[in-house]
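See below for the structure under consideration.
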Amino acid sequence: MKSKKCISLILLIGILLSLTACDTEAGDGTVEPPTSQLSLYIPYSYTPKYEEALELFEQRYPDVEVTITRQKDQNYETAREEYVQILKNEVMAGKGPDLILFTDEFEDVYKTMDAGAFCDLTPYMEQDADFWKEYSRPVLDGGVFKEKQYIIPLTYTLPLLLSSQENLDSQGYTLLESGTFSDFTKSIEPFTQTDSSCRAFDGRNITLWDYLNYSGLDYMDYENKTIHVDTDAFRQVVDAYKRVYQQEKQNPLQMSGISYGGLYTLKNNQTLFSDLYAYHGSFGLMLEANIITGMEKTPVISAIPTMDGGLQAKAYSCAAVRANSPNKQNAYNFIKLLSLRDSSSQNVPTFDIPVQTSAAKDLVRIYSSKIRNPIEDSDGITYPVRLSPGEFIKQYGTVLDRITSCSLGTGWIGSKLSVTAQYLNDCMAPYLNGEKDYETCIRDLETKLTMYLSE
Amino acid sequence: MRRNIRKSSRTVSSLVWYTVLGLISLVALLPILYMLANSFMGADEIRKYYGAIFGSSGEAAMSFHILPDEATLDGYYQMLLRRPDYLMKFWNSLFLTISIVIGQVVVSCISAYGFAKFRFPLREPIFFLFIVLMMMPYQVTLVSNYIVLDQMKLIGSYAAIILPGIFGAFGVFLMRQVVASVPDDIIEAAKLDGANQIRILFRVVLPQCKAGIASLVILCFIDNWNMVEQPLVFLKDASQYPLSIFLSNVNTSEPGLAFACGVLSMGVVLLLFLFFEEELVTGIEYVNFK
Amino acid sequence: MKRMKLRKREALTGLAFASPAIIGLIVFFVYPFLISLWYTFTSGVGGIHFAGFSNYENVINSAAFRLAAGNTFKFILCSVPLIMVISFALAMALQRKCAGALFFRTVFLFPLVIPVASVILVFQIVFDNLGILNSMLNAIGVSGQDWLHSEHAFGVLVLLYIWKNCGYNIVLLLAGLNAIPKELYEAAKVDGAGRKAMLLRITLPLMVPTFFFVFVISIINSFKSFREAFLLGGSHPHESIYMLQHFFNNNFQNLNYQRLSVAALLVFVIIFTFVFFLYLAKRRLEVDKK
């Protein structure tokens, strides 16, 4: 009896010791051969785009059996919640669709990557180097984590500054085509005083998170689990935001939900630029640009540079392959088709900027020529349109060429702020309102974010 | 003289007793009364007074507002008549909860008899395991439960919620104590009369445990009526969701209806509670905790 | 020989009766637990890479986990003894056999019946920065506090826990109290024992099994108060109420089942050890009823 116990104890210790020895975190490093199946979930948003890609896929890979689950037609909130549940529960249990398509469904994309939910697509992309040459490398690199490509961004947004030359001239502002974030904030300083009659842009929905995103500061290091908020650069951004924040608080923009609000404020000289968010990219951008041309003005475009003088994009819709999917090759092929925005997929307008650079530049030209008839918005106001000048399209192209980095995550999860954005708001609010000093707030922020990263 | 003093001192202590307990019960009841009173307020009134926590009407501070300015049944009207999904969710909740309660009572009574009145090897360690597992928060087994239920192809059906609910350890824990307090002589007597075990269980033991069963029914009902996480994870279709999820959503999305909805949700449990209260409170007195 | 056969029969019958619960336990608790145990040694969704003990190292070194564990422990340490004392005092007070006692007993059970979401709504209205409590304090000149989003949130949570669970504890304790034979008290009075001595020598020792039962139930309910903390403070509340279940839940949302399982396993080990010692203590302190 005793010897039995001894043996089993030794065995147990042996197993435990061998467990400590094993610590393989190795990626696959190899490309798996194609299989004959693929399972997809087509979510509630952007369904026409996926249907388009599906058609293409079935044409090019007729041997693959595609299992599609489409979401029922229901109200947006419920559909979104349902999709989120599917993504989380099924994927975590090791099942679910091979291809994961998402915009802002994940609470924290970086943490999800860290949890090993997605598979490393680097070997697949290396085989296809020619295909990916057409794509913006800095944006693709945004989906790299710990030197592995887990996510492929499909579309992105930029902090675009759209205005008309006449407006800028009348306000005495020269559009910067290069320079750093500090240069930019200095240039708009006269317009971010509390008593400025014309402000830089509509600051009502811009949070501190957004401003930090524009500045390209990398203050959250998910790989090493460290925070870098105690820097001068960070303070510069906070102070710049403080001006916009105070201005909005003490002198709120007098304008209630009018469609194309950005154009409205441009026309009335209330702002220098149109809205920083929302429609900008491709279709929406050309809509506004054509309207500006229709007003007999010259549209011009630039973007808010980062601290280093580059330009940071923000990934919008992304695709990834489930880490333990048996059909990785097929899923990867589908992603390639999804990312196409060139002439092979044109029927569905793109509202954000596609990562495929040639398409990004061509699409705006195509959309501009398509938007011919006067636009009537939901308030009954009609805007005449005219074809935007070629100069504008070219200028837009140069803006796209300025991109140097890309971030994931949008700061919003559905209609709620993400945890990081919430912490930024809560911790810095006393400083922005002038109640507490900077040091205290930054300490608080640092503690909270460090705790968040260690979770 | 002496008798008078003793009598008056007793009345004084009685008075103190009543007052202290009365105040404490007021504290216990306050939220319920508050909810009840506020459920008769219209949506606008609620927004006016409580807007602050819902982030709408600026920075107005909230004050104690228990009597409605204009009493209205609008909240109830909206919930019961204007919202078809409310009634559907109500029946979902009822179906789920009653199934679990019935299942758990049956399983626990039978198993508790085994644990309480018989000796078999590993009895104590197994029961110990019950206690420990009962204490674990549900998130621990949620995902692995998902995997198991998926293997059994039950995800998306009500069985995914009902089955784990039936085998909740609390029922066995409680019923074991209750069954253990049934005096052995009655069982011996029945055995001498020639009854087999099953007969003993149903005809002799369980009738003695009515109070314990009643309290299990109530507690099990309350616990499962308010469950939120399991349906979210194990059910796929939003139309299958029970009332508890609806309630937590409505609190944030439509505050005007929140109170009425809460009262209605509470109403069922309260009715059940009052129905069984006699058994629950008085009967359980005779349970001996071994 | 006959004795052995009888014993074997008893064991088999006992097992037969206990089997439904045991089978359910194994399928829905033990097996999933083993699955999650396996996952603690892997990394990557679906458990594809083997990771040895790296997950354990990671979690134990995580500041968030330490905070959560500390807070949960602190919460239990504060609220369970507090609720035991309060409910015992109230139970003793309610031992009178008058109509008032019955009424109060029922009333104290009411808080258990309200759905959590509704309770939270009322608590938010009272304790919010712009809520009723602060308005009243400001009216008498005392500055209000941010009750829900500062270290006071811990106190609010304890209050919520006690408010909700006192009633049931009272009922259970009353059951235990009433099970003590009155003759013991009579005999003690004849011997000249005072109230205090009767309490210490008779009541407390005989209540040990009941105390054990109520203690276990109270701890289980304290784990359940995660739902209140979540509704009051969101998924990342103030650090004073950041508890283990928040850690579980957030890792769940980020698909990091491995970390969740590791944390759960550590909790399991702690609970296991704790209940084990509790069992031993109970056996030591139990008094023979002579």
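Note that the chains take the letters A, B and C in the order they are written out, and that residue 1 is the start of every chain.
Here is the rule we go by: a residue touches a chain if its C-beta (ideal position, glycine included) is under 8 Å from a C-beta of that chain, and two chains touch if they have at least 3 such contacts.
To keep track of the chains, here are their UniProt names: C = Sugar ABC transporter permease.
This one's a predicted model, so the numbers in the text were calculated from it and none came from an experiment.
Contact topology of the protein chains: fully connected, every pair of chains touching. Should one ask which of B-C and A-C has more C-beta pairs in contact, the pair is B-C. Between subunit A and subunit C, the centres computed from C-alpha atoms are 44 Å apart. With centres taken as mean Cα positions, subunit C sits 16 Å from subunit B. Shown for subunit B are the residues that touch two or more other chains, namely 143, 147. Across the assembly, subunit A contributes 92-95 as residues in contact with two or more other chains. Shown for subunit C are the residues that touch two or more other chains, namely 252, 257. Per the touch definition, subunit A reaches subunit B in the complex via residues 74, 78, 81-82, 85-86, 89, 92-95. Contacts from subunit A toward subunit C in the complex involve residues 19-26, 88, 91-95, 106-108, 111-112, 114-117, 322-324, 419, 422-423, 448, 450-452, 454-455.
Taken in their complex, subunit C has these residues touching subunit B: 7, 10-22, 24-25, 27-33, 35-36, 39, 90, 93-94, 96, 100, 102, 104-125, 128, 130-132, 134-136, 138, 163, 166-168, 171-172, 174-176, 178-179, 209-210, 212-213, 216, 219-220, 223, 226-227, 231, 244-245, 248-249, 252, 257, 260-261, 264, 267-268, 271-272, 275-276, 279.
Across the complex, subunit C meets subunit A through its residues 41, 43-54, 62-65, 67, 235-236, 239, 242, 247, 250-259.
Taken in their complex, subunit B has these residues touching subunit A: 143, 146-147, 150, 232-233, 236, 238.
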